Amino acid sequence: MTHEVYLASDNWAPAHPLIVQSVIEANEGDAPAYGADPWTLQAEKLIQDTFRAPCKVLFVPTGTGANILALMLACQRHESVLCTDSAHIQYQESGAAEALVGCKLLTVPHRNGKITPQEIRRKLVSERAFGKHSTAPRVISVAQSTEVGTVYTLEELKQLSQLCKEEKLLLHIDGSRLYNAAAALGCGLHELVEAAHADLLSLGGTKNGLLGAEALVLLNPALEKGADHLQKQALQLLSKMRYLSAQYIPFFKEKLWQLLAEQANLRAQEIASFFLEFPQLVLSYPVETNQLFFTAPEATIAAIQEKIRCHLWDKEKRELRFIASWNTSQEEVAAVKRILSGICL
Amino acid sequence: MTHEVYLASDNWAPAHPLIVQSVIEANEGDAPAYGADPWTLQAEKLIQDTFRAPCKVLFVPTGTGANILALMLACQRHESVLCTDSAHIQYQESGAAEALVGCKLLTVPHRNGKITPQEIRRKLVSERAFGKHSTAPRVISVAQSTEVGTVYTLEELKQLSQLCKEEKLLLHIDGSRLYNAAAALGCGLHELVEAAHADLLSLGGTKNGLLGAEALVLLNPALEKGADHLQKQALQLLSKMRYLSAQYIPFFKEKLWQLLAEQANLRAQEIASFFLEFPQLVLSYPVETNQLFFTAPEATIAAIQEKIRCHLWDKEKRELRFIASWNTSQEEVAAVKRILSGICL
Amino acid sequence: MTHEVYLASDNWAPAHPLIVQSVIEANEGDAPAYGADPWTLQAEKLIQDTFRAPCKVLFVPTGTGANILALMLACQRHESVLCTDSAHIQYQESGAAEALVGCKLLTVPHRNGKITPQEIRRKLVSERAFGKHSTAPRVISVAQSTEVGTVYTLEELKQLSQLCKEEKLLLHIDGSRLYNAAAALGCGLHELVEAAHADLLSLGGTKNGLLGAEALVLLNPALEKGADHLQKQALQLLSKMRYLSAQYIPFFKEKLWQLLAEQANLRAQEIASFFLEFPQLVLSYPVETNQLFFTAPEATIAAIQEKIRCHLWDKEKRELRFIASWNTSQEEVAAVKRILSGICL
Amino acid sequence: MTHEVYLASDNWAPAHPLIVQSVIEANEGDAPAYGADPWTLQAEKLIQDTFRAPCKVLFVPTGTGANILALMLACQRHESVLCTDSAHIQYQESGAAEALVGCKLLTVPHRNGKITPQEIRRKLVSERAFGKHSTAPRVISVAQSTEVGTVYTLEELKQLSQLCKEEKLLLHIDGSRLYNAAAALGCGLHELVEAAHADLLSLGGTKNGLLGAEALVLLNPALEKGADHLQKQALQLLSKMRYLSAQYIPFFKEKLWQLLAEQANLRAQEIASFFLEFPQLVLSYPVETNQLFFTAPEATIAAIQEKIRCHLWDKEKRELRFIASWNTSQEEVAAVKRILSGICL
């Protein structure tokens, strides 16, 4: 570890001590395997309460696993999924949707990381024009917050919901950073899924202070058929499930999710505020959560990468990504300011 | 059949009498099943001679079958295929590549129906930027002639070949209308695959006067592993293979393919020549083979569709497609002129 | 062709002249592609009349294609199919069920080629014992006539139907030789599917005198969802469909299927009758249709194979298979008698 | 938790305190995601040292994941896997091999849980008899220790290795309880894979005292191609990998695996020793590791299940399974004796 500051990813952050404590407490004696233990039941109940819905919850080890399991439950063999060209399911899941689900992803250009009703409608028309020769669109998948750190407003989610209703589509939310979106909007997690009338939610955790736990939340009961079998078949069923689910207990019981997400967002805002002073650093998108994408001259990019561990997101565009995590400290933010000033002034 | 002229598709045309005759002649006594019959051996030999290569030939019932079998042989589970957004494998095979092969299709915008080295390189950079999190690009798939009737020049094919060599990619040609391309360029079929250094060729037939027969031609011997098993597994192995393969015998022996393709191309050129007189009909692409795409005012579109059976290709763009087949007659071309004049003048 | 007699397979036989004639007649002018032509409509109507049901019919090029498409329509991702260990879908489709449908085949030992309710129940208990850790059995697939030439009686089919009802399973019939079964039982084709309450039927043709045509018949309307898309996706949708469907017109209109199947069965019976004279030739199963399986001493096997083209079915058991086709002549039967006498007496 | 003793599964046991400690220690500051952290490198090194081979190690969250990833790397689309009818990959992975890998599992009857060279050879002959119409056998997969608790001797493993060499097959070991086998044989873990010349090893952990961690060990470097991509695609790549891999550090560094496995085996032996006194309890297999399977009269079964939490393995056979874990205490063993005496004497 040779950099001064780490803004590479919220996946690089450690787990919050309360989460570790909860795992330690769950390590008590024998307990039923495969999710029939009391911790899993409690965590599921907490999530149901959080979302104010009698949803079925499948705890899984990876976010990609939650997404793919969602598509398995939502899509028949000939159906397809609409998403942006920057979607995680399209761009960073190593072809899992195609290889494991077998569905086609119909991509449309994103606008600030978001899918727009206009682009969806255009794609629906062209894909449906050839009937059985093309696929049958079935799902819209959106990330909240998006892969570039922006947030769908409640109004935008309602519009997507309306479109889904009109076009008989299901709505899937990739919520690996849902907490950051709720913190940004100052709303409850349940308001996000209610506005969207979401059918399936990939609920994050790992990126917001857990050791490693994600969940697939089935909000539409019609999609539960086969879910237990498919969790196993999709390699997402842990035997000692308690160590996964127990992580969610303090997370929801103490609203730890909110504290951690607010903190990460705040740090990103603080960093973004410096950018006003450095005109050679151009933000690619509004900074609404804990992610910043910005372009800069090549030499500046190189200098920043020497001091701050971060991702060169798009080499051609000379775009860097900073991600603040729950664990990013005020000292680190100050160091970022110092480093950027040294390079840019 | 209530229209005056039929330009809906070369798939609507009947089979040429010599082809039917060849099938009748193959219907003589018992013969080994699954391709071990003398007609299949002869047809394979004729194709090897045509392409001047010791290629393995798999006769299959559909062009989509040939394409999918090609991708099965070329791609590992984590590998992907570059093609245009208008490619048949992307747009009109009902998601077969994803559902059966499991590979991701990486689409790039087409230019006159063609893929360009520049767009390929751009996509390669972005897909490779995230290593194991994305797919490993493995194949470039191009249609010759393209889905919009244009033709890659020999020089363009050489450039693609060079790019494949540099980037360690395989080249697949979807040649469902390869004959029309060769006729347009005035070259031999073998020159097309040689220029491209193609590894796999989906060789058409049905659209150029056969009753129904296509072939997958394996030009790269390294891809033959498992081919026989996969033909069976991919539902492409006919038991009475002789009736498929026999169709190719007069087709290649008598160079019937050339005669029929030239005729279809010529009819399309004749029709295209009328368009100069009707400025409200705007050709979408250069008419290089047997297909014409054009846009027109809505009322004109409707009037044409009443008299001429053809496909409304893109409703939003008000674009119609005319396809001439080997069987399109000079009388039909004259009728097209009369009808268009009546509508447009 | 160097043997005196050909009993290798009904797939080796030529097409009946009336079938060829029907194809020639269908080769008239332009016609809509992909099954919207009048021949396809007529053939579908004839099949509906034959089975006395408003079934949907998908004409496909191969029997394996019909079987696999049936399983795609019947099975969700976590569901499985019960069949015998000798089933075509298990043993001779190169793993297509697993590779393309992704379903598990739960095999049980056959008794004279047939699946028994007792074995099915035993397998259901063991597979269901572990809930989500195993698959959910969904389909029973039986071949009628079976892969070893035996026939399920109407009573046996009723028992399977009853079991399916009790256990909430679907019934699929692989009817690549359904005609031979009906001829053997002296019943109508409709009586077979009615007795079984079959949900899906792979209806043969190629083995009984066609050039090459099979059909998937959907008897349970609840399974039609997505069928058109899946036919395309599964590489089973021919563009010039008329040449496939037209083959079925004389077949059903003139009840040609019955004549040809009766003839094939009769020839097999005649050959079987000789076996009484040759105690070293031991029939493996009752000869109920057009197939004979028998074991013999190694030297006898070799001598037979020199004169009669037939399949060594099981080397270890020294088992040969004879198949009579619609085209097997009385002269050939006489030659078989002569040859066997020469070897065995 | 209402039973006196828990012998349901080694998956029910808690994690060993040293394992928990190692996870706590790994929770220090930022660390690279997806396996590029120092704990993962150290754990991989320890495994390489343990197996005395420069093997590539992929840490994964589930044993089913390790198995399926192994088959993805080993099998082409048309290839198949030989295993027993009691294999975990066949019976208790909810059809994942078929659904995700697409390969056929060719099952053969087990003898005391083991696959035999004789049965393998028989299956090879029958599957290969029909060439492209069947699958191409490619992998033998064995569990060590087996699903019924028995152990392949080093000599038996050598025989399998020899057979693989002769028949050009790969060998996969499902080692979810490899430690118990090594403890039973009193040999090193490396001796097991060396005797078998194993190409791929699913290395357990969760069942032997970890919180939840498994690994796929690639012993044959030719199989590494695409492994990183496939780990991601198969939903087996954790972002915060350190919490998985850190579990293995004390496990191998301190040879904790051996201590825990020996203890579990010993407890099972102690329990097995009581069975001599109760003739109505009939062991199904020799008790070689930490599992006991036994049959008993129905009333006895019911009485045992009331006091001891265990699995009714086969209802029809009235067979129970006891599994001792690293955490099974001498007090529990004594309680088992008391309970069984109360019921059986």
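Read from first to last, the chains carry the letters A, B, C and D; within each, the first residue is number 1.
Keep in mind that, in the parts below, contacts are C-beta pairs under 8 Å (C-beta built on N, C-alpha and C of every residue); 3 or more make two chains touch, one makes a residue touch a chain.
All values derive from a computational prediction rather than experimental measurement.
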Please name the chain that ends up farthest from chain D once chain centres are defined by their CA atoms averaged.
B
Tell me which of B-C and A-C has more C-beta pairs in contact.
B-C
Indicate the whole-number Å distance between the mean C-alpha point of chain A and the mean C-alpha point of chain C.
50
Separation of chain B from chain C, taking each centre as the mean of its C-alpha atoms, in whole Å
34
Each of the following residues of chain A touches two or more other chains, namely 34, 77-78, 93-95, 99-100, 102, 132-133, 135, 229-230, 232-233, 237
List of chain B residues in touch with chain A within their complex
77-78, 80, 91-95, 97-100, 102-104, 107, 122, 125-126, 129-130, 132-135, 314-316
Listed in rising order, chain B residues that touch chain D in their complex are 34, 72, 76-79, 102, 131-133, 135-136, 225-226, 228-233, 237
In their complex, what parts of chain B are in touch with chain C?
1, 6, 8-9, 11-15, 20, 23-24, 27-34, 61-65, 68, 93-96, 99-100, 206-207, 211-212, 229-230, 232-240, 243-244, 309, 325, 327
